[in-house]
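Input: one structure, supplied below.
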Amino acid sequence: MDNKRVVIYTVGILGIVIFTFILSQFHIFNSSRSFMFIVLLTVIMVLFNEIQNARKDSDSIFLRDIPGLKAVEEAVGRSTEMGRPILYVPGIMDMNEVETVAGVIILGHVAQMTAQYETGLDVPVARAIVMQAARESCKEAYLSQGRPEMFNEDMVHYISDDQFAYAAGVNGIMQRDKPAACLYMGKFYAESLLFAETGNGIGAIQIAGTASQAQIPFFVTACDYTLMGEEFFAASAYLSRKPELIGGVKTQDTVKLMLIGLIIVCLVMRALFDLDIVSFNLLDMIG
Amino acid sequence: MRFLEDIIVKFGSVDRRVIFVLIGLAVLVPLLNPIDLAIRPTPSSQRVYDAVDSIPDNSKVLISFDYGPSTKPEIHPMTLGVMRHILSQDRGHKIYITCLWPDGLYMAKDALKIINEEYDLVEYEDYVLLGFRPGNEAVVKGLASDLRKVFTVDAAQKSINEIPMMEGVNNLNDFQFIFTGSAGYPGTFEWVQYGADPTGVPLSSGTTSIQVNEVMPYVQSGQLQGILAGMPGAAEYEKLIDTPGIAIQGMAAQSYGHVVIVLFIILGNLAYFITERRERKY
Amino acid sequence: MPFSTILGAWIAVFLTLGIFSYLYRDNPFYKIAEHIFVGVSAAYWAATFYWTQIYPNLFGRLFAVDSPFASMYVLDKGHEYNGLYFFPLLLGIMMLLSIFKQINWMARWGIAYTVGIAAGLKTFGYLSSNVISQIKSTAVDLFSGSLPFFAMPGDSIFNNIVIFIGTISALMYFYFSREQSGLYGRFTRLGIYFLMISFGASFGFAVMGRISLLIGRFNDLILFSNPSYNYGTFWMLGLIIVVLGYWSFQNPEIKEG
Amino acid sequence: MIWKRYIPIAIVGFFGSLTLFGWFIENEGIKSFIDDDATQWYDIIASFAIFLGALNLLKLQFLKVLKRKAGWEYSVVAILSFLIVFVIGFFMRGAFVVDIPNTDIQSTYFTQGAAEEAVNHLKDSGIIASITPAQWGAHIQTEGGLFKWMFDNIFTPLSATMFALLAFYVASASYRAFRARNFEATLLLLAGIIIMIGRVPIGSLISSWMIMYLLVLVIGILINTYFRSRQLVFGWVALGLIGVTVLGSSMGWPIDQPAVFYLPALQEWIYTVPNLAGARAIMIGIGLGVVVTSLRYIFGLEKSYIGNQ
């Protein structure tokens, strides 16, 4: 955190504390929850500030490189050498799930690469609305690389709404076309096992990205790389170049640092209290 | 040695159905002739037992059935165990039942049918089945503020005001203990966030194994009084109240199922390293 | 044992074995059972949600005893009349109408309301219980003197140190504004190890849960194979094996891969 | 444009901030509205959304039948089962309770006719019994009713078996997909195995000495693969085995000592210490993610829920 931000946020938090103190004088304000009110306003302040920064110049925002994303570029390269297509599975849920939206954003990035390297791309989907969004995202990617003639609608095709019927359909494609790389980016349930096992069977590079906490352990052991939870959202935010998404990731980073600071302060204050150097225990005061 | 390696590698490419038959037998055989295995309660199950044990006499206990038929084998023995534990001490506890899942209603009716055979309970005096209300966390928040607005009638469409044991019950603060048998969303998370934390009423939970690790930080921070983790957790609770039930009977099958899966993982990795080493040689 | 229970048991066994037949291969029995599930669950959800919410809490309020429509129809569920409840009724009907393509934007008002309320509830619920409470319990007890340095099992100062360092290093692994290199990189590497142990525990519990559910199904099948259920499981097993065998003889499996 | 985009965004903004800041307001009027009516409306609209889901599903199956797509016969099965359960749920009481006054013998029949027949049968043997049809709304969960019969014998086995299928898929994936391809994956599999075996009864039968012997052998194999020297391997294995045996006999071979090698105790330590640190970091991380996303919804910075046209 550069010191410009440190100054803004320190002044901001002081302002919030004073504002909360004033509010707590009125009995309409539930003062037993003042600490939570301060934390909430701080998060809102950081959110608006970070989105403001992202809107000004989103290129200057730094984001550490994410191993999973680098692996995607390698996988596309490998598929091009072997002349085999890439299979992209954007999860089995609809566009109202945040993870599916992230999956379609990453699909756009992959489509740009397949346009560049002229590699085959196959995107089986499980929902009609996801099919439309995925087609739009691919078309835009191929246009931006100046290769509109390479894009055809059937790259993105609907299989079935049902979990296991969709899994069986995708497994059939894997065994038939033998893609060199299988990418699973979105929300997954138990069918993640079926994809990973069949992908292992045909010797493809497998890269997964999901925030579904129950599926991450299976993906970590069965795939070569996994974008885990927050990494998955950060990657899609970064690729989308949308200020709201990048601002969101920077907000979480900033608040995380503040929280770690709070943990350390609490630890020290608790130690002082336990050693009777200080008479009050900060932990009890925090709402 | 080479012969052994070939078997392990060849077994990897065998038809998937052979593996299905193996795991099927590993679970079915111990169910057909059960082997009695000693069960050792883990601290988190013990903590639930102690929490239920330390409820003051003549308390009002809320039990929430937040699971469906697909996760019944794991959770049903827990809710039955807790109800038996509460009733077996006959310290005048009253049981209030809510459901955040629609099919939780049938799970509750099923549990009540079994419990009624063991203890002669009088509906509306010893227990009341309030039933299901959709709305997930909104329901829990509603119960915390004004229960009588969420439940104007109980599951049998009887008005709340006509039920004797509902007197003086206006929101969650009027309960001395809450237990949720939870299989996912809505469930333990929502009961902690909108039920126990805002009101401070002690809450324990029994969850499906898959959800145990997500809910586990609440146990160490004291927001949850212990956790019953999956069917093994249910078996431990049955052992603690020593009324062996369906969970204990399943423990042999559970054990052998795990052993077979662990063997598969080890053999699978052996096959992986062997083929890897052979490829490196050529 | 009344006839309806035995018939019910036989149907339950047929559907259970129908779904399990998918393990052999995709076949008509599985497709029938699966599509029955699709149809039955849709109607089941609709009926349950109507009778437990819309009927008592919406119509119960609009047609309450003291409602202006009392002359027309009265539904007494212990509510007083509240005209504001026409708002959710309007949003609900708009949602149903959104099934027609040209006006499917109508669902948005209802979705917007649920998204708004859920966002308001979740923001506070997660911030308070999943963030702040966890932060407070990570400020662990080191010097209160009530804990031994190391104990197995049970709490100890050593455990608290591991929890403190593990939580902070795992949190920093998901920090994206700084490159993971040098000493800081080694600290986040420690964080990924703690995360991996946690994923390992989730992995173990996930396998445990699935085995338990399989035990539940086998228990039912064993129960329904008793004489009191007229050996339902054996009859159904025999029927499915014979028919399935004949069917798969008719259309052999195209050898996948 | 206003109807399709601005009003939904306004609804999210208004009700979102009302519910969010409602946590901090002490005013009775607002508090009762947020805690009761606003949540009741949420429940009601959630119910209509479920109805919409069912109708969408039906539409999908109808289209499949109309267009004679592959497997349309099965869609007919889906539509028929929907209609049957829909009729049972909405138009048939399906539960007529026959009870004999001042006794608690009672039985439930699916149809009015069956109940009357039972009453006449009882009348012949001199017992008068009364029929009370279940109330609308309570009829779907009356014990012995038609809807409950459908739930127990059709809905329950189907949804339970769909989940139980996964045990087979986990087994085959365990053999063919879960690889200790790097140190992280190895750590994950080790922790998973220790917890799986430690938490079931069989785990407490394995003595810590057996684990120590096993460890000596495994380290021997690792030495063999990395250092390639025969003497080092034999030296280590011999030393290890003797050491463990001496220690064991001196302590009298207690099954659960030293605790660090006794699976249930080791599992408990892993579960409550390192696992807790990881799980807590994940919980805080996801918690922050949900808070930031929800705030973006409330302040109109995230509109994916209403599509982007």
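A, B, C and D label the chains in the order they appear, each numbered from 1.
Rule of thumb we're sticking to: a contact is a pair of C-beta atoms (placed from the backbone, for glycine too) under 8 Å apart; a residue touches a chain by one contact, two chains touch by 3 or more.
No experiment lies behind these values; they were computed from the predicted model shown.
K.L.:
Considering only chains that satisfy the touch condition with chain C, which of them also satisfy it with chain D?
P.N.:
Both-contact set = A, B.
K.L.:
Count the C-beta contact pairs for A-C and for B-D, then tell me which is higher.
P.N.:
The comparison resolves to B-D.
K.L.:
Farthest chain from chain C, comparing Cα centres?
P.N.:
A
K.L.:
Which whole number of Å gives the spacing of the CA centres of chain A and chain B?
P.N.:
The separation of the two C-alpha centroids amounts to 31 Å.
K.L.:
Distance between chain A and chain D based on Cα centroids, please, to the nearest Å.
P.N.:
So the centre of chain A lies 24 Å away from the centre of chain D.
K.L.:
In whole angstrom, how far does the Cα centroid of chain B sit from the Cα centroid of chain D?
P.N.:
About 10 Å separates the centre of chain B from that of chain D.
K.L.:
Check each residue of chain A and list the ones that touch at least two other chains.
P.N.:
36, 40, 43, 96, 164, 201, 213-214, 217-218, 220-221, 229-230, 256, 259
K.L.:
Name the residues of chain B that each touch 2 or more other chains.
P.N.:
20, 27, 43, 70-73, 103, 105, 131, 133-135, 138, 141, 157, 210, 213-214, 217, 220, 229, 232, 254, 257-258, 261
K.L.:
Enumerate the residues of chain D that touch no fewer than two other chains.
P.N.:
20, 23, 38-40, 42-43, 46-47, 50, 137, 151-152, 155-157, 159-160, 162-163, 165-168, 170, 172, 174, 176-180, 184-185, 188-189, 192-193, 196, 199-200, 268, 271-272, 275-276, 279-280, 282-286, 288, 291, 295, 305
K.L.:
Would you tell me which residues of chain A are touching chain C in their complex?
P.N.:
Contact set of chain A toward chain C: 1, 35-36, 39-40, 43, 62-66, 96, 162, 164-165, 168, 171-172, 175, 201-202, 213-214, 216-218, 220-221, 228-231, 234, 249-250, 253, 256-257, 259-260, 262-263, 266-267, 269-271, 274-275, 283, 286-287.
K.L.:
Residue numbers of chain C touching chain A in their complex, please.
P.N.:
22, 26, 34, 38, 111, 123-124, 127-128, 131-132, 135-136, 138-145, 164, 167-168, 171-172, 174-180, 195-196, 199-200, 202-203, 206, 256-257
K.L.:
Going by the contact rule set out above, which residues of chain B touch chain D in the complex?
P.N.:
11-12, 16, 19-20, 22-24, 27, 37-40, 42-43, 68-73, 103, 105-106, 109, 113, 131, 133-136, 138-139, 141-142, 144-146, 149-150, 155-157, 213-214, 216-217, 220, 229, 232, 251-252, 254-262, 264-265, 267-269, 272
K.L.:
Hey, which residues of chain B end up touching chain C in the complex?
P.N.:
17, 20, 27-28, 31-32, 43, 70-74, 102-103, 105, 131-135, 137-138, 141, 152-153, 157, 159-161, 189-190, 192-194, 197, 208-210, 212-214, 217-218, 220-223, 229-232, 246, 250, 253-254, 257-258, 261
K.L.:
Per the contact definition, I'd like the list of chain D residues that touch chain A in the complex.
P.N.:
So the residues of chain D in touch with chain A come to 20, 23-27, 60, 162, 165-166, 169-170, 172-173, 176-181, 184-185, 188-189, 192, 282, 284-286, 288-289, 291-293, 295-296, 299, 301-302, 304-305, 307.
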